[in-house]
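Below you will find the structure I want to go over with you.
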């Protein structure tokens, strides 16, 4: 009998029809495509997107630059006496990030000692492509401050 | 390269057989990146095969030596770039062993969870590419639909989808977000049905069986001799799984089976991976149930310094096989030497043994079944 | 001796025999022992005694508190090298190879055998065929530029499937001295040995195909040596053989003169493209 | 004389010419929208949208494709054999379109050949179809050989072996409806189905069905479609015989493939599925399906078109479902299963037919 079964298996093509059935069922299912320019997926809260810098909070410790695995953060600062309070203050001259080489690992954000962080990646901005190479070679501090505001963590704070 | 004497071909040499040399890759749709094979073919039959690798060599091991331990984690993402979590796990495990750090249980559970989710996503990618290599186009999209969900879970956890950078020496940098456990449970709850769907398209399909059963035979002796690990070894009847043999993290708390199949062919390796996905679902569910509260980061110095002299090897079961890191410390915050043992490197080395004598179409199936990622091979 | 590589995290990774908190205890117990000579000797002694007792009690309490702590709350204690315990494997190897096994130590619970270069193949064969180390997990090289004798080390990781045990073999060598290849023992050694050659310049004798594997043929230098510049070298030598002969062309260590980009002094508001 | 000449010219030159233009326009439109439908249906099978950017629901996508392909650089590889390289795509498209001349898209008209729904009715129509269809393989072979590319050559060789092998079962399976109808004329075959009151797929059950199945499988192989798309197996031979082709020449290959699909479907519809006939032409109570309110002939054409589209859908459905055979397994299937089965069908049908006499 087994050979009859095998022969029937061979000629009835049930396995092929099963596959056809599965694909046909999907023909009518709801599609999962996201129509990109019109609909955009909202990144998660922790999404590591474009940088944002808060110069007020930054204490110019350069830990982020030191912790960067590929050394793309360039920070210059100088000390000045504030005429109002007559205290020495650190002032940021330059805070540049070579975005082209950035791999968005988030170690700079983790290194930042201020609370809340003065540099962070969770700006949910992922459309960083540009037409010309020079357009995103460096991102300076003015640009860094211009990106979208970080959404507050609802549940926790990063260690 | 081995010179093949055409007289030993089982074919009438009356007509003067002339072999054709083909450069298969590095740009070829089926070589999964930049694998290059120098093929000698006699018609459709492969007479000789010589893999040439190194097209994606980025000097990652040199980079490891230049950076402190914690800065190397993002670099490990880029070895086997479709399974970043297991790379991270192997690396941080080695560093923790070298420094004597003990990870808190919650962090350990999260690591187990992430590496199993990573196994699911990596196997889904493997299935997609394997199927599309053999000509079945549709599983590609079905698997990517589910892989997207896994990647979303990763994104919610650590902010990245592919190059996760989700582990640190000493523990986990983040806690699970609110609602993550529920979403993950929902996904793994519905996932076995999806596996049934893929299997319905492929497992019993006669064309799929014809293309895979008996193709790319890798005998157990050969597999051991070539240090093949992972699903390829388990498809050859040897049940070596680092998760069971030398449990790391929380795997000794988990109840799961290691699927082993004994026919040594492409079809069995396919079955192994399909079954592994189901087992991963089990592990993830157990992790979600047992997940304890507690700290995420062990007590550790701000600057991780290796002991003056000492070297450790720590291996984990990556989706593709055993990935291990061998780290030599020299008393500085940087590793003196950090070697990643990529499973794909060894799995692709055995390729000529599996394809010589077969057809070009078999070569495609066999490359697919090795699940090679050239980022890990070339480092 | 159990060579389990990973213990359960709750029970602590293998951290050697010394518990971590000993060092602070000693300093604390010594601190009150500094004498104050103002009061009488006996009183001082008694006081010192009580102080010492108190300190000891305190130290004990601290130690107990430390012991009650979970392993991940303690200071991490790095593992240390230890002489390998007497072990069937080490004894058997020492008895059959004698001088071939230079040292047997453990680090973090992993057995490390230093093997004489000449006998590595025989040791490997014996390990594979008699001791069940059928899986050659990995071969890699390490460069120790400070060592005079053997600046290069080839490290073999072996795995025993039945005992689920890992060991590590180390072979020292130096430039120009070949290491016997173990391809005859494990076929899988082929590519990793090529990689060690490629990356460190350590050649393997009787290897079937001793060519470069990751770098291209004719690449000048061995990238993972410590003296190889990180920024790389000019590799024109191999790409343009008609311009550079076999020996000509740039050499390892000279570099390309590449520097990280210096940002302009006065940064313009918008970088201006060249063609403008 | 003048009158006669005028009428002859009208019936045998002007009308056929117009019909040819109409047929080619219609078929090219169908081809263009088959490519669109293929992408769309494949998309739907694969839970995605398919092309939907150009025009409403992406309906202008074929036009955009044509514009793109026309605008592309026409690359002829170095050391290619230029004449063969140029000739090959034409050899693929030409025969496929030529077969359309004998396909009866609709019923003949009682008013004469000028108003019937086909270009011409040859009394050896079926032979003509088989003969011309086999020219197509030269195009693939030449294209593969002339490209000066090893993958292309292997694709060409695969195409030659595959198409020649599968012509045998295809030819045999065509004999079955031939035996049933007793004529080689395609119009005659459809009319025989009308007079016998059943589609030939149901004739001499199960041999008609068997022959249909064999014809369809061989047809899929003949037109190099999944699961028999070995000559252009993307993952194996990059793109097979048309690896090196670009721009409009590539488009011609593309066109040829789809024209082949349509031709094979059209022949299958004509021979096995009753051409322009409605389902179950013997059942009186189904006569409302004749769509009598339409102008004469149009209803038949619509039926033909519907059947054709179902075939095209099945082609696409197959592509969305099946993996690809290996080359030797394909040969195996052809020679060891399909040819014996086709022979069986032919012999059984003949015996049955003789017994009925």
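Chains: A, B, C and D, in written order; residue numbering restarts at 1 for each.
Everything below uses one rule, namely that contacts are C-beta pairs under 8 Å (C-beta built on N, C-alpha and C of every residue); 3 or more make two chains touch, one makes a residue touch a chain.
None of these values were measured; they are calculated from a predicted model.
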Chain centroid nearest the full-protein CA centroid: B
Label of the chain whose CA centroid is most distant from the centroid of chain C: D
Length of the line joining the C-alpha centres of chain A and chain D, rounded to whole Å: 51
Rounded Å distance, chain A centre to chain C centre (Cα mean): 34
Between chain B and chain A, distance of the C-alpha-averaged centres to the nearest whole Å: 25
Intercentroid distance (Cα basis), chain D paired with chain B, Å: 45
Two or more partner chains touched - positions in chain B: 138, 142, 145, 201-202, 205, 207
Residue list for chain A, restricted to those that touch at least two other chains: 16, 19, 22-23, 26, 32
Parts of chain C lying in touch with chain B, wherever the complex brings them together: 4-6, 8-10, 12-16, 70-81, 107-108, 110, 112, 134-138, 140, 142-144, 155, 157, 161, 164, 166, 168, 186-188, 190-192, 199, 209, 212-216, 223-224, 226, 228, 230, 232
In the complex with chain A, residue positions of chain B that touch it: 67, 70-75, 77, 138, 142, 145, 148, 152, 155-160, 163, 165, 173-175, 177-178, 197, 200-202, 204-207, 296-297
Touching residues (chain side chain D, partner chain B) in the complex: 42, 45-48, 150-151, 154, 226-227, 229-230, 233-238, 319-329
Parts of chain A lying in touch with chain B, wherever the complex brings them together: 13, 15-16, 18-19, 22-23, 26, 32, 43-48, 67-69, 103-107, 110, 121-122, 154-156, 158-159
Contact footprint of chain A on chain D as seen in their complex: 41, 43-49, 52, 317-318, 320-322
